[in-house]
Amino acid sequence: MELDFSNQAHFIVALAPEIILAVWGMVILLVGVSSRGPTGPRASTELGWLSLVGILAAVLANGWLYGVTEVGTGSMIAVDRFALFSNWIILAGAGLGILVSQNYVQRQGLQAAEFYVLLIYSTVGLMVMTAARDLIVIFLGLEIMSVAVYVLAAINRADGRSAEAGLKYFLLGAFSTGFLLYGIALVYGAAGSTHISAIAESVANGTAHGALLAFGIALLTVGFSFKVSAVPFHMWTPDVYEGAPTPVTAFMSVAVKAGAFLAFLRVFSVAFVDAYESWWVILWWLTVLTMVVANLIATVQVSVKRMLAYSGIAHAGYLMVAIVAANETAAAGLLFYLLIYTLMNIGAFGIVILVSDHGEERLEIQEYAGFGWRHPLLGLVFTVFLLSLAGFPGTGGFIGKVFLLQGAMEANLVYLSVILVLTTVVSYWYYLRVAWFMWMRDAPPGPDVHTIHVPVGMRVALIAGVILIVYLGIFPGATMEVARSSVSGLSVIGPASIGLAP
Amino acid sequence: MTQFGLFLMQAVGLDESQGAWEPLFPGLIILLPLLGFAVNGALALSAARKSADAVRAGGEFDFFENGRPASHSLPTWVGPGVMLLAFLLTLVNFMGMLGAELHEPVIRSYWAWITTGELNVAAAIQLDQLSMIMMMIITGVGFLIHVFSVGYMQDDPGYPRYFAYLNLFVFFMLVLVMGASYPIMFIGWEGVGLCSYLLIGFWFSDEEKASAGKKAFIVNRIGDLGFLLAIFVLYLVFQQVDYVGIFGDAESIFEYGGPVITTVTLFFLLAATGKSAQIPLYIWLPDAMAGPTPVSALIHAATMVTAGVYLVARSSVLFALAPLSSAVVAGIGVLTALFAATIALKQQDIKKVLAYSTVSQLGYMFLGVGVGAYTAGIFHLMTHAFFKALLFLGAGAVIHSMHHALHHTHKDWDAQDMRNMGGLKAYMPITWVTMWLATLAIAGIWPFAGFFSKDEIIWMTGAMAGAENAPYQGLYTVYWIMALAAAMLTAFYMTRLMIMTFHGQNRTGPSEAEHLHEAPRTMWIPLAILAALSVFGGWVNVSTDLRESVLGGLGILPMSDWLHLWLEPVTEAAHRVQEANLGELAHAAPLGGGEVAWGLISTVAALGVVLVTARLMVGRKVPVAAEDAEPTGFSRILFNKWYVDEFYHRWVVDPVLTTSRVLWRVVDARIIDGTVNLVGNATRAIGWVGSLLQTGQVNTYVFFMTVGVLVILAVIGL
Amino acid sequence: MTEVLFFVFAAVALGGSLGVVVSRSPVSSLLFIVATLASTAGIFVLLEAHFLAAIQIMVYAGAIMVLFLFVIMLLNLGHDYRGDIRGRVAMIFGFAVTGGMGGLLARQLGSGSAGLETNLGAGDAIDAALLEHGAVGAIAQPLFTDYVVAFELTGILLLVALVGALVLAKKAS
Amino acid sequence: MLAESLVLAGLIFVVGTLGVIVRRNVIIMFLCIELQLNAVNLTFVAFSRFVGIEGQLFVFFVMTVAAAEAAVGLAIIISIFRHYETVNVNRFDLLKW
Amino acid sequence: MLNALAYQSWVLHALIWLPLLGMIHVLWRSEDRAKVLAVRWSLVVFVLSVGLWWAYDPALGGGYQLDSTRPWIAAWGVNYALGLDGISVFMVMLTTFTTPLAILGSFNYIQKRQKSFYALMLLLEFGVVGVFTAVDLFLFYVFFELTLVPMYFIIGIWGGERRVYAAIKFFLYTALGSLLMLVGVLYIYARGKALLGVSSFAFVDLLQIPLTPVEQMWLFGAFALAFAIKVPVFPFHTWLPDAHVEAPTPGSVVLAAVLLKMGTYGFVRFLLPFFPVAAQHPTVVLVMLTLGVIGIIYAAWVAAVQPDAKKLVAYTSVAHMGFVVIGIFALNVNGLQGGLLVMISHGISTGALFLLLGMLYERRHTRLIEEFGGIGRVAPWLATAFVITALASIGLPGTSGFVGEFLALLGVFEDHPGIGIFAASGVIFAAYYMLPMVQSVFFNKLEKPENRAVQDLSRRELWILAPMIALMIVIGVHPTPLLRRMEPSVQMVLERVYAAAPPSAAVSESLSESLRESLAGSFAESRRAASGAETAE
């Protein structure tokens, strides 16, 4: 039996960044485990830089892909602008994640090679997932990412909380995978294919089996909602974010969430766009619940890390508005916001990593009393990140939020927008609370025993984050254009305008 | 003063119409006191700085240690000086106007004050007969009081500040009477209130005095509200606020006795009751005696408190068009006149007696303008300015002397309590004589000034009661009787004051009595001039009926109807309205009898009261204040001023304060802010409850996820 | 015949799954699930997915479940299962929720799939492929061509799992 | 037979879900999740009969994923067992609220 | 000369960006240089802004002048568009005038972390000038929100005991409103895109969008809430006393003088012209007027019983802003002009009051009224300045406070006499709250030894207060130049409002017309008829 691969050769091009990264992951694995590899205290830093080289190569490849013409929308792997923009976001998340984790990995004595390798492979999984046009591939990408992150969450074997985080993430993740899979199965049964273009076609011309499709969509919603941590499928998030090593949390909160959202968007706005009527109400309510519940609970958190976890859930709520709105503006807003979110959230976690200088200590908000005056630059940087998270003018967070709101407005989702801003007000409380501890409380008397050393990688990440956030807050035009052109490559745009939400 | 002006006019040969009249620097009249204020104010500020340094060091700065410093000598010349210049300038203009036979007011507009939309208020002054007579009183009497003050206040460390305030007061008072529109008048209206506030509380370290100033200001503001509202209504109707425009159109636009004009005039009445201390807002004036006595003379007797009368006279057309309001004005006036007079009967503080006397006399003026006798009201305003200023200044001289005497022996007696005085005529003969003249004038005894003005008011009240078409005729009869009664009371309490102060045994104490002395020259000369005016001032306006009679000097008095004629251009519109609507006024009093007869009756009666009172009281032994028993019975009620202050406190001030506290503590802090905080706290509380669901138990998480799935499936499947 | 077999397998599968949930010992749970997997494999055969039926037995019921058993033994979990099943309230809620879900699913799937059996001739295509390539080949053909990307991805997945298991399970150095 | 298979799969799935809700032994919870996956597999196979071979391919991939998850999952369970000396999930509550 | 320098073309940009440059400069240099630099920069800004008085020419109509537009976020049609009209020109000048004085007034008060403080003050100026000069709604919103941050830190870091509570409350409360407004902004924008195909946030473009009455009502609500909280209008005012009491002196000054004006400015700039149908809906007007009147009276009463002088003045702000609100919703020229003038005058007089209270606080370290007494004896100049300012604040004629209140009340009275009467009673209560405080602090016996040590004004303090007091009097005596400059723009706003209503619904004029008519005797009627006939011919 001859196998003819000529039709598959283009995958090598289409998946160039992923392949580069995957291969690079193996290289690092080999370097890391070989006796000639880097040893001693600097090992993790060096491996980190090495991993960044891979990320950089993937970035270059991704840029190169802009010059490549796609073979057609029938391909399982998309090389459209959307996928490429998604790659930027994910690679940015991964790169920044590596930068903020170098010192941490070293001081916690984690297994550096494995750490970076898993991080790289989860990146690969994410990139595959966002580029995929076939539910099978999406599922596999998701699983690669998930399995890697399960391990990453539990990777600090010295810490029971890390293990607990890993276990919870794993158990609940696997549980949700069941729903996702079941959904895929039902959609497959209803539409007769796992390829999203084919599904879209079948949904559009009505050949898809209505009852099965509806349940399939519902279960897919559940599956994706879990990954993006939408209420009530969010309950793993705070525990896992709190327990996992902080750099992993940072990475999870941005890249993983971004990947999930991008796949979510692609599936729902391409495959199910014509079934919009059947799913938008569900998503509308999930969105509302997510925004409200997350923001409310975040107000009572005492741990900054856990607060940021709830903040991440809240942001998921904001981002889901874009999916409910299902139009070009909203989709572009989603891309733009994810980019901003990646920058600011990693930045915020970066500061948390710096403050918790001996591992997972000093996470409580009280520990930040007087922080701003002891470390003015770090305080300022953190303040910018917080303001951006809160969505304040002058930062990218604001532009992103406005972008999302515009999408909602175009879809006439007025109530949703109102709820979004009301919950944003609630969110001001907990973001500003950190700022007030930093600047308005005096540090405990006596000399500062916690000298904070900012390693190079962290410095790069923070500076890049702050500059980009402010830049995107003031001059968002070019990036917005790119985001918009990226979604116009996504073949499907939702209904222009629908009625008011329930 | 007007006599003098007349004389001058004739002397320089100004006569009858001389074509269009150009006023001479009218703006300068206003500006001069302002200039004085600026100079004195600057001196005051620098002096205060010195004094403050001393106070901070724990002592008091003695300005007179090394002779008078410039800050305490310059005001002597600047303060009265600007007043003299202003007076002379006024005089020149007055004479000019006398010769010009002006029928239309002269208006000088300096700049556009408020210009927006259709509203156009110019910073303009209006010179007409009414404002001219007021300016004469203000600058003339004002000048005299400034001179008096030099003597009275010269030892006070706040000397420059005093003159600064006094000059500022004159400035605002001139703005009040010279303004060409209601808003400009309102500037003066509130400005004089401010100065009154500052001067009452001149010795601000004394809480009682400072509070008195505050009370005056706040009560006045209640009246000012009426003023504002009246302006608003007028603007609404006329789309302008200038006198000329409003008075020109008023007759054609307003229906006689219509609701709107009644509203406007009642608002104005509210304003007037505040400024002129009429029921129900008179309560601040007795307290205002806390200020230096010359201030009481100038502000709380001669000028500011008459602003309400001026307002009504100025708006005579409007009030003429509103018979109801006029009746209310007259009613409030006569009621106040009688009411205040009863209180004055039992006061022991010399200034309090004069204060209630002022309230009472202002009541007469209100009665006058209320019955449509605008000229009579202004006439009484003028004569009252003379004799009441004299009385206050005289009282000031007495207090000054008493104060010095008591100060010498450090006796902590009240220098103002008449029970501590007695027999002062021996020590202060000039004061004694001049004050008796004023007393006779205020008592309405022929031929003193007060007789002519008061008699005309009472007579006009009677005439209204018998007018052809006058509404509320019975009411006016009552007014007339009340007015007569009040006149008798006036004669009584003034005689009582004079007897207690100047006659009988001296009660000051022997060692103190040695230090009692006559007032210095700067103080008694103004007294003398005012005394002359109190005697002769009434002769400029002997009414027609009296002119040829014995009471009118059998017609030998020159220009005896002068004020009527002089003010005719201002009041003619009002008179026209009155004639058209009221018909002819009665020529006999309600009880019959003509003006001459009633003039005689009232003079004789008043004189009788004076003589009887004097006879009864002169020999009576008066206990000094410290040993006096508490009054009992009805006199206790009078002594306590009918408990009106207490009434206001109980039913107005306290409720407002209590309500304010409730609003703050309950409504603001609990309800409104409580709601705000509740929202915040509830948000967090809900968040806290929500966080409890996050149990850390995987089973729980799974359960909630499954519930979510179930709900979603149910929504889709059902 | 097929019908009868189907219902037998179905009964065993369902009963087995219930056994997993209710049995106290992890080991018996494990045995119940093996039963379920095996009967499912039987149903696979009835649905003419022969290859899947085979690997279901070998890989799933065999290898994976043995791994489970290995871990159970390793952790020595044979005895202490008091408190393993949650309290009555949780049970009631659990049954209510899952019962509702089951009802909904059964209703929707039972009636909802009605039109599907008739209008597609995919079964014939599968039969043809089976005839042409054999049971393994019918799957292998698309697996290595159309779905080669997915296949390669499973490679990465397994690599990740390998590294992960290694990282976590190896003794701390 | 499609409908019957689908319903059966659905029921097995639900039972699996129930197991995850009511059991506290991590391993049994994991087994219940495997039950769910098995149910999905059944669904795929059932559909595959009427839709196309991709369903069967999918089952193949799901089995691979199940294997990978089992490896990692059991490793995590071993790892956590080292800290808590138990596999009872309600003891794993350091992280909450 | 202004023309020779091309002043018109760059001044607005300079006014916005110079404070920001100054901020960077301040941050760059050492701690002890900060205050001098901050004063210099803000003075430069002020000096530059003075030219606006001449550069803005009311003869050219009420539209925007000195305007310039550069694309900012092209995709959304957002422009960096600046301009001034008669309404905003004085707000800008008020800002540039107040900021240097506030900075000067903080020399003694701010002892720690000076650099950050002065940097934040300049940042605040940047934001506020931006608010008043932006003619692009998006830009406006950005600046509007931006002002929150520096103020939050100014209150929270340099404030009093409960500073954090006050700062948070200030921030959350005002943000709540402005975020709802953001939804409104984007809704309008979306409507513009949908109905006209215009992607723009420019005021002029947004004004073209035909919003339905229902939409207008909702949007009015969203905008009104945002601005009402900012103003603050009763019952949204409770953040203000807290913020004022806790804020450091300069913070209070800027808060009172400028930040509150952003709310009322929003009323004039947006509520009236953007939603004319809603703005003149009888119920809306009634509600706004009622809230304004309640604010006037209620705040005055509450102020009167405050033991804390600063809190008292804070409540008076609420009362003053009540005058502004009723002036604006009088919906006629007098009312609007009055409202705007009260804004200016309140900015100066209340700003000065806070400065004076700050000076007292620096001397005595307390704000409790009962702790003072007889201060006039030891600090006569301070007392004089305070009394003058207090009198301006309670609207004594001849001071700036009067003209505005007079016009605002007049405006209300023209169309709503009943409400006007209640509102006017505020003049009584102004005396009721202010004079007792003045008495207790400056008059009465000098009993406490601490008070005896109080120093009089220093030269610096004198320089701060002198221009403010001078302005209070100058504006009070001759407000016409201001009124003339504002009038064309005010007229434009009103034209816009009334253009939206059917002729019969135009409330203004109608009352006064009908009143005149009903009053007029037959003579006047015939006269009017005659003159009407003449014009008809």
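As written, the chain order gives the labels A, B, C, D and E, with residue 1 at the start of each chain.
We take it that a residue touches a chain if its C-beta (ideal position, glycine included) is under 8 Å from a C-beta of that chain, and two chains touch if they have at least 3 such contacts.
A quick note: this is a predicted structure, and the numbers were derived from the prediction, not measured.
Q: Can you tell me the least number of steps between subunit A and subunit D, where a step is a move to a chain it touches?
A: The distance in steps between these two chains is 1.
Q: Central chain, going by Cα centroids?
A: Answer by centroid distance: E.
Q: Based on the averaged CA atom positions, which chain is farthest from subunit A?
A: Farthest from subunit A by mean C-alpha position: B.
Q: Specify the chain most distant from subunit E by Cα centroid.
A: With centres defined by C-alpha atoms, farthest from subunit E sits C.
Q: Quick check: more C-beta contact pairs at B-C or at C-D?
A: Result of the comparison of B-C and C-D: C-D.
Q: Report, in whole Å, the distance between the mean C-alpha point of subunit B and the mean C-alpha point of subunit D.
A: Each chain's C-alpha centroid was found; their separation is 97 Å.
Q: If you average the CA atoms of subunit D and of subunit E, how many Å lie between those two points?
A: Centre-to-centre distance between subunit D and subunit E: 65 Å.
Q: How many angstrom between the C-alpha centroids of subunit E and subunit A?
A: Between these chains, centre-to-centre, one finds 44 Å.
Q: If you average the CA atoms of subunit B and of subunit E, how far apart do the two points sit, in angstrom?
A: 37
Q: Note the residues in subunit E that touch 2 or more other chains, in rising order.
A: 172
Q: Tell me, which residues of subunit B touch at least two other chains?
A: 680, 691, 694, 696, 698-699, 702-703, 706-707, 709, 713, 717
Q: Multi-chain contacts only, two chains or more: what residues does subunit C have there?
A: Those would be 86, 90, 93-94, 97-98, 101, 105, 108-109, 111, 113, 116, 120, 122, 147, 150, 154, 157, 160-161, 164-168.
Q: According to the definition already given, which pairs of chains are in contact?
A: Touching chain pairs, listed by label, come out as A-B, A-C, A-D, A-E, B-C, B-D, B-E, C-D.
Q: Given the complex with subunit D, which residues does subunit A contribute to the contact?
A: My answer: residues 136, 139-140, 143, 147, 150-151, 154, 157, 160-161, 163-168, 170-171, 174-175, 177-178, 181-182, 184-186, 188-189, 192-194, 238-240, 242-243, 301, 306.
Q: Residues of subunit A touching subunit C in their complex?
A: It is residues 1, 3-5, 7-8, 11, 15, 22, 26, 29, 76-77, 111, 114, 117-118, 121-122, 124-125, 128, 134, 136-137, 140-141, 143-144, 147-148, 150-151, 154-155, 157-158, 166, 189, 192, 209-212, 214-215 of subunit A that touch subunit C.
Q: Given the complex with subunit C, which residues does subunit B contribute to the contact?
A: Of all residues in subunit B, those touching subunit C are 699, 703, 706-707, 709-710, 713-714, 717-718.
Q: Sort out for me which residues of subunit E touch subunit B in the complex.
A: Residues 169, 172-173, 235, 237-239, 298, 301-302, 304-306, 332-334, 337, 374, 376-381, 384, 391, 396-398, 402-403, 406-407, 409-410, 413-414, 417, 420-421, 424-425, 427-428, 430-432, 435-436, 439, 442-446, 452-456, 477-480, 483-484, 487, 511-512, 515-516, 519-521, 523-524, 527.
Q: Show which residues of subunit A lie in contact with subunit E when the two form their complex.
A: Within the complex, subunit A touches subunit E at residues 373, 387, 392-394, 398-399, 402, 405-406, 409-410, 414, 417-418, 421-422, 424-425, 428-429, 432-433, 435-436, 439-441, 476-477, 480-481, 484, 497.
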